[in-house]
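Below are two complexes that have subunit A in common, paired first with subunit B and then with subunit C.
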Partner chain A sequence: MRVLGKLLVAIYGLAVYAFIFLPVVVLVLFSLQATSFPIPPFTGPSLRWYEAVLGDTRLTSALVNSVMVAVISSALAVGLGFLSAWGFARYHLPRAALLRGLITLPLTVSYLIIGMGILILFNTAGIPKSLAAAGIGHVVINLPLCFAIIYSQMGDNQVNLERAARDLGAPEWKVLFLISVPVMWPAIFASFFLSMTFSWDEFVISFLLTRFDTTLPVEIWNLLRSGLNPRTNAIGSLVFGVSVVLAILFELILLRRNRA
Partner chain B sequence: MLPFVAMGVLSFMQHGGDGSASFDNYRQFFDNPSYWRAMVNSLEVTLTVTAISVLLAYPFAWILAEVVPLRLQRLALMLAVLPFWTSYVVRSYSWLLVLSENGVVNKALTGSGLLSDPVQLANSRAGTVIGFVHFFVMLLTLTIFANLKQLSPSYRKAAADLGAGPLRTFLHVILPLTLPGIMVGAFLTFVLCIGDYITPQILGGNNELLMPQLIMMQIGRRGDFPLASALAIILMVVVTIAYLFCARWLKLERS
Partner chain C sequence: MTGPLVEIRQLSHSFGTHKALDEIALNVEPGSYTVLLGPSGSGKTTLLSILGGFLAPQEGRVFIRGEDCTATPPARRPTATVFQDYALFPHLSVGDNVGFGLRMRGVGRSRRNAKVRETLAMVGLADAYSKKPHQLSGGQRQRVALARALVVEPAVLLLDEPLGALDLKLRRQMQDELKALQKRVGTAFIHVTHDQEEAMALADHCVVMNQGRIEDQGPPERVYSRPASRFTATFMGESTLLTGKVQDLGMDEISVATEVGPVAISASGEPGFDVTLAIRPEHITLVDVPPSVALGEAKVTDVVFQGSFKRLLAVSDKNPEVTFIVKVPSNRPVSVGDTVELFCPAADMILMSR
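Here is the complex of A and B:
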């Protein structure tokens, strides 16, 4: 009975792992296939489609766009998130709870709806679709997250540090940049990384807000229209690789912070 | 900061302003059976996905928390959520590869003689559900795992000392205590699932529409922003109702 139970547990665990990894393995495996359809049987490794993908200027420029949007929008989201968290933590604002609620509201709303809201707003304001518009969209979705992470890490012991600096005659901007920012560095870093991964993967908002120059997920979407295609496998595997590296970096940084 | 708050708020106001100028769009939703159908489809798919994901993820999280040796747990958990980090679009595409008529699953089933004809998995509701479940099993495993780890082992010991068998311990002690983790995960699943456009679009095909697809269609093909806004508002109302329903267990606190 005992043995049977253990066996069942092991089988169940492995089955869930298999379910979780099945699509990724299939994706990567058939990206290495030389034939022009990514379907079984597997015929042997080849890097042909990776070459094709890296030689495709549309995809490489989309890749550059994606990185640019991710870095700039994350930096903006973290900066604004930090400033607003700092404001909320340090000053007594009227109706602070309501305002906080408003900042974190977009967390519960579907990206599709956020994207649409921005699109409608820009349409009425006469701002054309562009990469920058998508970047602003990413700031909107990542700002609440950055705010929540940084705000939750702002403790009272930091207030004392800031007071000490002020007593020693530091002007407000010096307090902010020489005391608050360095003390909050881990939270800032964590929210920056999370924003990067979200922006890097985000599709719907970029899809709605860009026109010709676009980000990688949208370009992959365009590839999908042609059905199963080994190029999509190759580019998908590359994107997966980048995301995994980011995730592992994030994990390592968190781990080191926890140990310290 | 303020321009962004203003923009965030205004972008929501905009929906409301468009919708409430006249109630025609809302009336259209209630009058047109195909729109109703999309909402019903969305709810059916979302509830199915949430239920299956919880049922699959709970035992898995339990195995990770209780059976896997301590020093391997971090690694095991990280492995379990690794595909979580794949891009949304890419993940759905991978499932398309797996489930399509010539895909791995069908080749394996027909090849081993279990089936004579390939089953239609892609471009069906089953495809959408499988794609969603895959993602949310990982999410729920994370939340439930975190919750199980917080439980002190003394609860189980106390229950055992008081004469409860493993089953009763689980039903009366462990399960109620992990309910918050389940509810947080289930709520996240509900919200993310009902608002997602990509998975049903790629895996579900055109046989039936879900709400996000319907909204996208209003924007993309017809440029009917007011109607799309009204539909979006209705979707948000549904999410809010779900939130109120779960709010008892969701204590969003500053930790």
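Here is the complex of A and C:
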């Protein structure tokens, strides 16, 4: 009876993980397909579709665009998130709780609404669709996240460090760059990688706000419109791989921080 | 230079309805070791924060070297602070921590390094230059914090409970080192503590604070032997307090009607005045050594052996609300339940009007 119970638990557990990861496994598996259709039977392994993807300038330039948008928008989101977290932690602001809530509010708004809002606003203001516009959208969605992570790690023990630096003659900007930022480095790094991950994967906002030059998820969607093709699997696997690396970096940095 | 190094005039500060500092006036002389002593909430740390420039007082002024520093930010004050938690920069080496203040003043690398090494050697940490703060023990971190503050040659060094995080033995050892260091560098130190032994051991000038006010200030010997208030008499060392009214006036003698009977001491006063007599435990004897005042019989309720002496608590037979605190030689046989007769030389009784 107990053996049966354990068996059922194990089967249930496997089913859960299969439900989560099977699509990804299938995606990666058929990216290695040797023939032209990503459907059984498996004919690989072959790297021909990866070759095709990396030889396709539209895809590679979209990849470069994606990296650029992710890096720049994440850097901006982290910078602004750090400054606002520092402001809230160090200064007594009127209605601080309300203002903090407003900063984190975009976390609960769907990307579609944010994207549409920015699209309408930019249309009215006469700002054309571009990668920069998509980048601004990514700052909007990632800033609250960076703020929340950095603010949560900003303890009172750093207050005295900053006081000590001021006491020893440091002007405010040196206090920030020589003391506050280095001490907060793990949280800053972690939030940077997390927003990279989100920016890298983000589709709706990029789709709405870019036109000719676009990001990789939008380019993949363009590919998919012409039907299933192992090329889409290959590029999908690449995207997935990068996301995994970013997520692992985030975990490593935050875990190391928590153990210290 | 004439006049005090630091002059505090009529300083008051409140947090909400709580009056943290109430009309504080204090002078600090050059080269002196001043200790601010008081229980938590007495305002001593608030006073130190105002001196360091971390808090702007609501009323009053602070002069350092004759200059009005009340609104000067910490970076531009001739003060340096040693924080209670040391506040060492965890990402910098010990050398870079100590050199931080010089770096902010634009001192070049080679001169900075030489000075940092010299200061580290002075606090006994010559070989810690390239270590990180987390590799050091509590006492070593304390020294790094001291070196970091001293290297910028402040006019006044402010120490916020600097020994509070150390264990007792290390605290006593660091206490001696602090005093020696202060004598060597000649900088005025202002040190905040709630430990009266620490205060007595370190201070040239001891300032006893309570509820935002200065209760008493002066050389620790004077504050101990002639406390100005009841609070000082019980906070800086222990005392038995007897309250009463001044009765008869003699030539230069007054008689005080206390809870345990009339006591005649040489002092001046007005009849009808409420006064308090404080008696230090070491001044009460179990034998009559003339000229002594008899304090009556008392029942011993507690005996604690403390090595070189025994500390007794004895409840007066005349008034059970009075408990005498007595120190007797440890070879004297006395145990709980004994009835003893207590005496005190009149000259050792401390008369206080508040």
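Basically, the second predicted complex is superposed on the first by the 257 of 260 C-alpha atoms of A that agree within 3 Å, B and C clash if a C-alpha of one lies under 4 Å from a C-alpha of the other, contacts with A are read in each partner's own complex, and residues count from 1 in each chain.
Operating definition for what follows: a contact is a pair of C-beta atoms (placed from the backbone, for glycine too) under 8 Å apart; a residue touches a chain by one contact, two chains touch by 3 or more.
From a predicted model like this one, the values you see are computed outputs, not experimental measurements.
In the superposed model, A:203 lies in contact with subunit B only, and not with subunit C. One of subunit B and subunit C touches more residues of subunit A, and that partner is B.
In the superposition on chain A, A:161 makes contact with subunit C only, not with subunit B.
When the shared chain is aligned, no partner comes close enough to touch A:127: not subunit B, not subunit C. Once the two complexes are overlaid on the shared chain, A:22 sits against subunit B while remaining clear of subunit C. Contact with subunit C, but none with subunit B, is seen for A:183 once the two complexes are overlaid on the shared chain. In the superposition on chain A, contact is made by A:233 with subunit B only, not with subunit C. With both structures placed on the common chain, the touch criterion links A:67 to neither subunit B nor subunit C.
Note: no residue of subunit A belongs to the subunit B contact set and to the subunit C contact set alike, using the contact criterion stated above. Touching subunit B in their complex are the following residues of subunit A: 9, 12-13, 16-17, 19-24, 26-27, 30, 37-41, 80, 83-84, 87, 99, 102-103, 105-106, 108-114, 116-121, 123-124, 136, 139-140, 143, 151-152, 197, 200-201, 203-204, 208, 216-217, 220-221, 224, 228, 232-233, 236, 239-240, 243-244, 246-247, 251.
The part of subunit C that touches subunit A in the complex is made up of residues 52-54, 73-76, 79-81, 83, 85, 87, 89-91, 100-101, 104-105, 148-149, 152. By the touch rule above, subunit A contacts subunit C in their complex via residues 157, 160-161, 163-171, 174, 178-179, 182-183, 185.
Subunit B makes touch with subunit A in their complex at residues 1, 4-5, 7-12, 14-15, 18, 56, 59-60, 63-64, 67-68, 78-80, 82-83, 85-91, 93-98, 100, 102-104, 107, 134, 137-138, 191-192, 194-198, 202, 212, 215-216, 219, 225, 228-229, 232, 235-236, 239, 243, 254-255.
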